[in-house]
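One structure, as structure tokens, below. Some questions next.
Labels A, B, C, D and E are assigned to the chains in the order they are written; within every chain, residues are numbered from 1.
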Amino acid sequence: MTRATSTSRPTASAGSWHRFANPGRFLRISGHVYPWSLGLALLCLGVGLVWSLGLAPADYQQGDSVRIMYVHVPAAWMALFAYSLLAAAGASLLIWRHPLGGVAATAIAPVGAAFTFLALATGSLWGKPMWGTWWVWDARLTSVLILLFLYLGHMALTHAFENAERGRKAAAVLALAGVVNLPIIKFSVDWWNTLHQPASVTRIGTPAIHEAMLWPLLVMAGGFMFFFFAVVLLRMRAALAAQRAEALDRRIMLGR
Amino acid sequence: MNALAALLARDLRLALRQSGDVLLAVLFFILGAALFPFAVGPEPNLLLRIGPGLIWVMALLSVLLSLDRLFAPDHEDGTLDLLLLAPAPLEGIVLARILAHWLASGGPLILATPLLAVFFGVPTYALPVLLGSLLLGTLALSALGALGAALTLGARRAGVLVPLLVLPLYIPVLIFGAGAVDAVLTGLAARPHLLLLAAVLVLSLPLAALAGAAALRQAAE
Amino acid sequence: MNALAALLARDLRLALRQSGDVLLAVLFFILGAALFPFAVGPEPNLLLRIGPGLIWVMALLSVLLSLDRLFAPDHEDGTLDLLLLAPAPLEGIVLARILAHWLASGGPLILATPLLAVFFGVPTYALPVLLGSLLLGTLALSALGALGAALTLGARRAGVLVPLLVLPLYIPVLIFGAGAVDAVLTGLAARPHLLLLAAVLVLSLPLAALAGAAALRQAAE
Amino acid sequence: MSMAPHSSTQQPPLSQPNRLEVTALDCLRGGWPVFSDLQFRLESGDLLLLTGPNGSGKSSLLRILAGLLPPAGGDLLWNEAPLHGGDSHPPSIGYVGHRNAIKVNLTLQEDLAFWARFHGQPQHRIAQALEAFDLTPLAARPGRVLSSGQGRRLALARLKVMQAPLWLLDEPLVGLDKAAVLAVRNEIEKHRRDGGIIVLATHQDIWHVEEQRLDLGTFTVSPDQLQELEA
Amino acid sequence: MSMAPHSSTQQPPLSQPNRLEVTALDCLRGGWPVFSDLQFRLESGDLLLLTGPNGSGKSSLLRILAGLLPPAGGDLLWNEAPLHGGDSHPPSIGYVGHRNAIKVNLTLQEDLAFWARFHGQPQHRIAQALEAFDLTPLAARPGRVLSSGQGRRLALARLKVMQAPLWLLDEPLVGLDKAAVLAVRNEIEKHRRDGGIIVLATHQDIWHVEEQRLDLGTFTVSPDQLQELEA
């Protein structure tokens, strides 16, 4: 017998209600981090845009259309990165039952989907001058499209249930099952013969890209990253605030 | 009349309330079309050649997949019994339901079509005909689908029976719809095809209303 | 073990009892494939070129359409509650259900494939690879589909949500399956494709069992 | 009985006397006989209790009266005219079956508002209906959260948003708590005072004395009759 | 309380005393509190009646006990070990919910035969179970033709083809005729004599005196408690 029968509420069991609200520590820490990431995002994006669109050299083959790269490549990176985080958040919810995992995943999914869409749209814009068509069914392009659908499926599943908890957990399972798509996207250019360019920045050893293009690219990538964190933190804080508001609502309703 | 307006409003509200229902049908449309390049290979010429046909087939399958939501939920939860007792004519109820179904399935598909057209490289000048054919066609698909859904209510394994009944009825719609686009792509007149499509629509609406109502009456017991 | 055998026997009996269920899935497969010539035109060369791919896509869609019968009826009538209380491990229950689903959907499809192959003019020497790829592939489709079906149990508009979730997971199966047939038709080795397909199957069965069981536990409330 | 002139454009108001007459009614289900040669006659203000063991045909009789199930034989008359399928103006019918016809995504308010509009009835009845079955606190919540008794109460509340002289209630008390059972009895009495006619199937013996009762257990078909039915 | 040695490989036979203990149980549905701080303890042979108005949480409590709904807090112990999710050997549970889990295409015989095999029980129990609920004449007919009370009886008959020490019955008497109500009471008394434990939700007051009762209407959550719970 682990616990004697007593009329008073055992504290451990009362504690389990905390699953539903009050992640106070997160709110405190994120309150400090959020303004910094937002500030850094604005700074990097400002500097990066001026640098990449104005100062960086045009490509001797592609001309000015190469400047799409400064948006396309960071967006594509973020699309992959956000999905890894989404899966990690899902794992933390399923395995360690960390409630913030669910809140984080719900916050990440639309932002990741937006980056994926941006990568697709800019890639498509770039494809017109480069390949002469908006779209080809090449392995990389298609696998990114599938990634977009995984994001959308995640969002739809999250909101498909009355019980928000259930939606988050179901979506977490989906996010984990979809992880197989990440290596396919990353290595598709190596495995299959594709139109799309193989890795030139992120390959092992020295990047095969000129420094005058590399630096503004990295600044833009930093800006995207900080922006991502700022938005995700904001969305998480908003979700937690909404949970509290709901709890208050209920109390008022019951108090009638 | 008032009763039918109330029913239509309720059906649309339910469709919107299932947050993202409409979105999901469209996603299936796009996603399904995206399957084909994997299966037949990515050569642009081939894809352009079969693109408009594929768009049409996927629109058809999307509508088909949503047919089980037409009457089955009302049948299962007992709402159909109450609708059958209603003061409104049953044929009107069926028509209102068809309209609601089309607004929630065919309509959004049409909005998403330009995107797929870009994917498959359908030239811009063919787009109006593609959209026009889908406009007439998906409404006919909803109507004929309603007939199939009503006929199979309460049948064992209605899920597979509906496609079986409905696909033969859908084939004329598909032929004229895809034919219209094909005509415009090969420099011929799309008008005759569109007129035939309109004729199918004009025939299928009253047919669906009358036969659908009869089938619904049979379904209660 | 005994409990799982009992479940499998019951599922198969129900599938056969729904007079012609199995037949209907096959008919959908055939009828659906027959849609394409209407949509893309009847040129034999084009049809031969896209034939194997279409057969694969239609097999995929047939399996997809039958997914809503995997767990939903048990969920709605309360049987799932009783299965969850069972002495048998839930993962085993999911596997038994996957097997039953495959025997009633994928299996018959494979039997009907030679017919479609003739229809599209697929040469005889490619048939063994086509059948082998479908054998491995449809089982993987049933497994991944079970995962999707379990995840969406009780969801709003599960009917359209399932395709959305499942299609991205189905694409590797489709690529390797259609790839195997394409390889043999273009004189290349089909073996690597078939091995990859087997790998997908070997991964997806335990994944479906574990994640599917977790999802079923969530579904009761 | 002569029809009042205005009854040709709309159903007779409840205050006008009505009569439901059932003669020689037979019922088959899936080819099996359930009951045979049933007859009764109800006037405005009457309540008929259907009793009888499980499977004796109470639900089947109610569905026949509602026009949802075709009878194997016999006549149903409403004020001397056929209750269903005739050219005359049948009464509107309030039917509560075994299933509650609740949409999980509509709030209770929306559910009742739809049925009121559908039957062309004014919206002010909704609040009354919710109140009568103690559903007012749940008015803004979706149907999916209802417990079994709450769901049953919503199904019954629909009777109050439509103006139907004939009520057909299939075990209306199932799953109701004591307060709700009282509410149902109240509504039934009110409807009778207003001149309505009610047929109600039940296993719970909460009514006493005055009502008419029909024990369907006594109308089951004997082998002889069966032969005759099938002849 | 010491566990008998054989209990590690299979569940204790019904003759061995069992105990179900519930402490500080809280229940939320869709974020809304239903009841809080519930506790009770049942020994072999006990019957607990759950009463309370509609929506007070009877069904929710039964689903929590069955392990179908996670509690928001509190402990469920079976013979000192966790009832669900522990490594020990939980009892098998006989659960009859609001829905009857009937397959329209299986005959009654087949239905019971499946559940017996599924629970590893001998097939001779099937005939007994059919007989106990007067379903023998319907044994060869498919589930689709059952009337509401017949369906309920089939759901109850399943209890007799499985050997479960703990029965959780959610309004088992709904729609039953008088003979069937008696049959249920019989089975319940028999199960208690065999050392079983029963938790039963009902609105129909057909039991008297001796049983333990839990009125869930008295456990609803006040706004104060809610604050504490959510803090």
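We adopt the following convention: contacts are C-beta pairs under 8 Å (C-beta built on N, C-alpha and C of every residue); 3 or more make two chains touch, one makes a residue touch a chain.
Every value quoted in this text rests on a predicted model; they were computed, and no experiment measured them.
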item	value
Steps needed, at fewest, to go from chain B to chain E via touching chains	2
Remotest chain, chain D as reference, centres from CA atoms	A
Inter-chain pair with the most contacting C-beta pairs	B-C
Centroid distance [mean C-alpha coordinates] between chain D and chain C, Å	46
Where chain A and chain D are represented by their mean Cα positions, the distance between them in whole Å	56
Length of the line joining the C-alpha centres of chain B and chain C, rounded to whole Å	25
Centre-to-centre distance between chain B and chain A (centres being mean Cα positions), rounded to whole Å	35
Interface hub residues of chain C, defined as touching at least two other chains	17-18, 76, 156-157, 161, 164, 167-168, 171, 221
Residue numbers of chain A (touch at least two other chains)	146, 149, 152, 156, 160, 162-163
Contacts with two or more other chains, residues of chain E listed in rising order	30, 32, 98, 105
Interface residues, chain E side, partner chain D - complex	29-30, 32, 52-55, 59, 98, 145-150, 153, 171, 174-180, 203-204
Chain A to chain B touching residues, read off their complex	133-138, 142, 145-146, 149, 152, 156, 159-160
Parts of chain E lying in touch with chain A, wherever the complex brings them together	1, 21, 23-24, 26, 28, 30-33, 37, 39, 41, 72-75, 77, 80, 221-223, 226-231
In the complex, chain B residues that touch chain A	19-20, 23-24, 27, 31, 34, 37-38, 42, 44, 47, 118-119, 121
Interfacial residue positions of chain A with respect to chain C in the complex	94, 146, 149-150, 152-153, 156-157, 160-161, 163, 166, 169-170, 173-174, 176-178, 180-181, 184
